[in-house]
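Chain IDs A, B and C follow the sequence of writing; residue 1 opens each chain.
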Amino acid sequence: MVILDVRNISTTFKLRGTTLRAVNDVSFGLQKGETLGIVGESGSGKTVLCHSIMQLLPRPPADISGSALFGLQDLVSCSSKDIRNIRGNRISMVFQDPQAAFNPYLRICDQLIEPLLYHRRLSRRTAMDKVLSILEETGIPDPARRCRCYPHEFSGGMLQRAMIAMALITHPEILIADEPTTALDVTIQMQILQLLKSLQRQLSMSVIFITHNLGIVAGFCDRVLVMYAGQILESASGDDLFLHTAHPYTKALIRSVPSLHVNSGELYSIEGKPPDLTKEIKGCPFAPRCTYAQGECTEEDAAAGLVGVSHFTSCRRVLKGEISL
Amino acid sequence: MKKPEPDNIAGNSLWKDATRRFTANRLAMAGLIILSVLVILCILAPLVAPWSVDVQNLSLGASAPGPGHLLGTDILGRDLFSRILYGGQISFAVGLCATLVSVLIGVSWGAVAGWAGGRTDAVMMRIVDMAYAFPFTIFVIILMVFFERSLLLLFAAIGAVEWLTMARIVRGQVMSLKSREFIDAAKGLGLSNTRIIIRHVLPNIAGPVIVYATLTVPAVMLLEAFLSFLGLGVQPPASSWGILIREGAEAMEEYPWLLIFPGTVLSITLFSLNFVGDGLRDAFDPRSSKE
Amino acid sequence: MNRKPLLQVENLTVSFPARDSRTRMKAVNDVSFEIYEGETLGLVGESGCGKTTLGRAVSLLQRAESGRIHFNGRDLLQTGGSELRKVRRQIQMIFQSPFSSLDPRMSVLDTLSEALIYCKGIPAKRCIDESSELMRQVGLDPSVIRKFPHEFSGGQRQRIAIARALAAGPSLVIADEPVSSLDVSVSAQILSLLRQLRAKMTLTMLFISHDLSIVKYMSHRTAVMFKGVIVETGATEDLFNKPSHPYTKMLLDAIPVPDPSRKILPGHSVPERLSPDISSGGCFFRHRCPISYERCAYETPALGPVGGNHYCACFRAASIEQPA
């Protein structure tokens, strides 16, 4: 069952005379209980996409077109009152830097209680009980004492757990996590990912997980979108993405990451740089750097098609069967 | 085979960026232009002023603006416009020199304290703290009473007060610069501390120093006006805007223009300096220079 | 590979005043290791393990409390003044942040020339040619040599930083998380570049990173650090295929691998208690260790051989299950 239906989102920024196309005609659907990974490097548009859907971008200078249907409401065009009722309540977000998400002058419990008081209109006492129970579920020891601490008294990993607690306290239907573990140590990262998985099962929640780490995507996500220059180049299940890769960029990305278990020779490094988003891009945005590119890749409009069940690619050569990756 | 010429592509240094941002700031440019006009007029006073300052036309007495006297005359019949121009020379000179003194002392003090750190820094900054607490007015009065009332002493006294904040600013900048990795890299190259401070630290603190210096000038000029108003600053027959304002204040009921004109000129100058200082601060803001 | 160690560190300790400023906290605790000419030693560990402090101590940017750093036969901690300034030019560092490791007020030409003039004694008029050559070596177009750091991307700035390090003509390069703040594809470019350059110039490297996969790719030998102590060291192949210390094993297990058959399963774990007093003796890792026993509480294990050139600081080293 599709709970979030995103159609044709395009986001442009008007800056000093130029227009920057950060997101270019992106569509996808999020199923209930599904973990959707959005993979891309910096500048790929993955964060701007989610900010666009959640109305977190000031407009102007941002200009957003398209729709994101959540139930009957279009998140992109609904009123600020409506989106405020949804944010932190039915759709929550978790960010990379937990220090930045918390008010350093308020205790953790005061901050965690807010969504309940505001969205659910619970009494203080009921809300406090819920706070304690969510803190316990996110694995924070001695919650009664800890919640009266201030953010700076928590370690990085614990603060990230607290941020997850704050996001999940209203039992949202969707959790959008934007690089939540990038700043954490690898062992803490694993704990946080395992925690997210178990909470997701418990609450039958859908998760949109934004990351540049392919390793996390493989182990954590059911489906993956690969973004580049504001466009989706490939979309597939986790297995298909790695085992039946259908886009040269995805393949190149996989090969650029040094592998722990395979003895690789030289690391594959993608030549060149991402394209200038202030200029019009004809055809495939990855073509200038692609080893498989041919004339048609830049001369004709971007392709789009399925290579398998729910496996989408924008590589015209793969779709025509001219190359196999 | 011809080697690629490295000379043709010039870079955009941060100075160029700052200049570009400053010239685009209309308020700052307006301030700069007004300031320049005033300064030039004052410097060229001997050529521009219609009357010499010691010419007294006692029969005229204090007269309102009229033919021959653009801004009127004072009680002794001296042309006000000319007095303002010559007074401006002193006021600007005090502003510039005292600021220069404060910059030199403040930058040296702050740079040494910030770079040395530890106990040296603690001692040096405690001295600054104590100096802050010292009542300035009393200090200057004491100076003026015990020593000859000279212009040079005035520069020194004012500069000696204003350097405190400059020292604090510079020390803060140097301390945060110390932890930047390019300073570590310079140490790794085996450069001596002096060389690192001159080549890497000073150019990188120049921005805030220039901004603060520009904002110190109006403070200094106001201070000079205040002192002269009290009779402690510039002594007649020399005049400064402060003296003119004092004389104007004494006579303002009967001859209001004697206060209005010098007061307005001082205000315009202070405004312009502040606009320029603000413009410089925005121009140098490192946040705007990151791509 | 030559068997003479270019760098030999003995019992190095670096400490900082703790928060209560009465006691001192040891960021690097009695560490010893050596790096041989032409090899790259990878230093890996999580945040707070002391690897960056160790790198800075070896390059003399951080004062060590005790120990010896033998470089080219000379103890750097006993050298001072102008002699020290000359020697330290042979140890160059590449820093993590491409933003703050270059002086924003100096053009690339200025930055490279400074290194060339002061370290190699190259006369000023030859600097343009030499600098252009360095730019080419790191894969940059020499025509942009007069541009300033803010006009380059992160990856390009890192290349400039590498060029500066090479300009000094070092025999030891310490790379402290050189690609951590870069994108995946840019990071791959920089790592490949480093490998090419080290082969071409027979550089000796200390490669510090928290990312085990990168360390595996770059290093001949690897050392694992935890809370200021080296807990395991050995040839990279050996260490990664047959990890001996429980911490190494924990690190390897925690790395998400781009292999869809290895799924991350739901799990509930309690975050480790913020470690109590480290100085209370015993093995520092015992609070997180799945196989600690009584001896770990009162005796601190030293690095002991576990076969070949592989050393491990654990009393139960032999009993770790090997990965399938």
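By definition in this document, contacts are C-beta pairs under 8 Å (C-beta built on N, C-alpha and C of every residue); 3 or more make two chains touch, one makes a residue touch a chain.
This structure is a prediction, so every number in the text was calculated from the model and none was measured.
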Touch-based graph of the chains, sorted into line, ring, star, complete or other: line
Maximum centroid distance from chain A, chain identifier (CA atoms): B
Length of the line joining the C-alpha centres of chain A and chain C, rounded to whole Å: 32
Distance from chain B to chain A - Cα centre to Cα centre, in angstrom: 53
Centre distance in Å when chain B and chain C are each reduced to the mean of their C-alpha atoms: 49
Where chain B touches two or more other chains, by residue: none
In the complex with chain C, residue positions of chain B that touch it: 3-14, 180-182, 184-192, 199-200, 203-204, 289-291
Residues of chain C defined as touching chain A within the complex: 46-47, 153, 183-185, 187-189, 191-192, 195, 210, 212-214, 216-217, 240, 250-260, 262-271, 273-274
Interface residues, chain C side, partner chain B - complex: 56, 59-61, 85-86, 88-89, 91-93, 95-97, 100-109, 114-115, 118-119, 128, 131-132, 141-148, 150-151, 161, 164, 168
Chain C contact footprint on chain A (complex, rising order): 41-42, 139-141, 155-158, 161, 185-191, 193-195, 197-198, 200-201, 212-220, 238-239, 241-243, 252-254, 256-261, 264, 266-270, 273
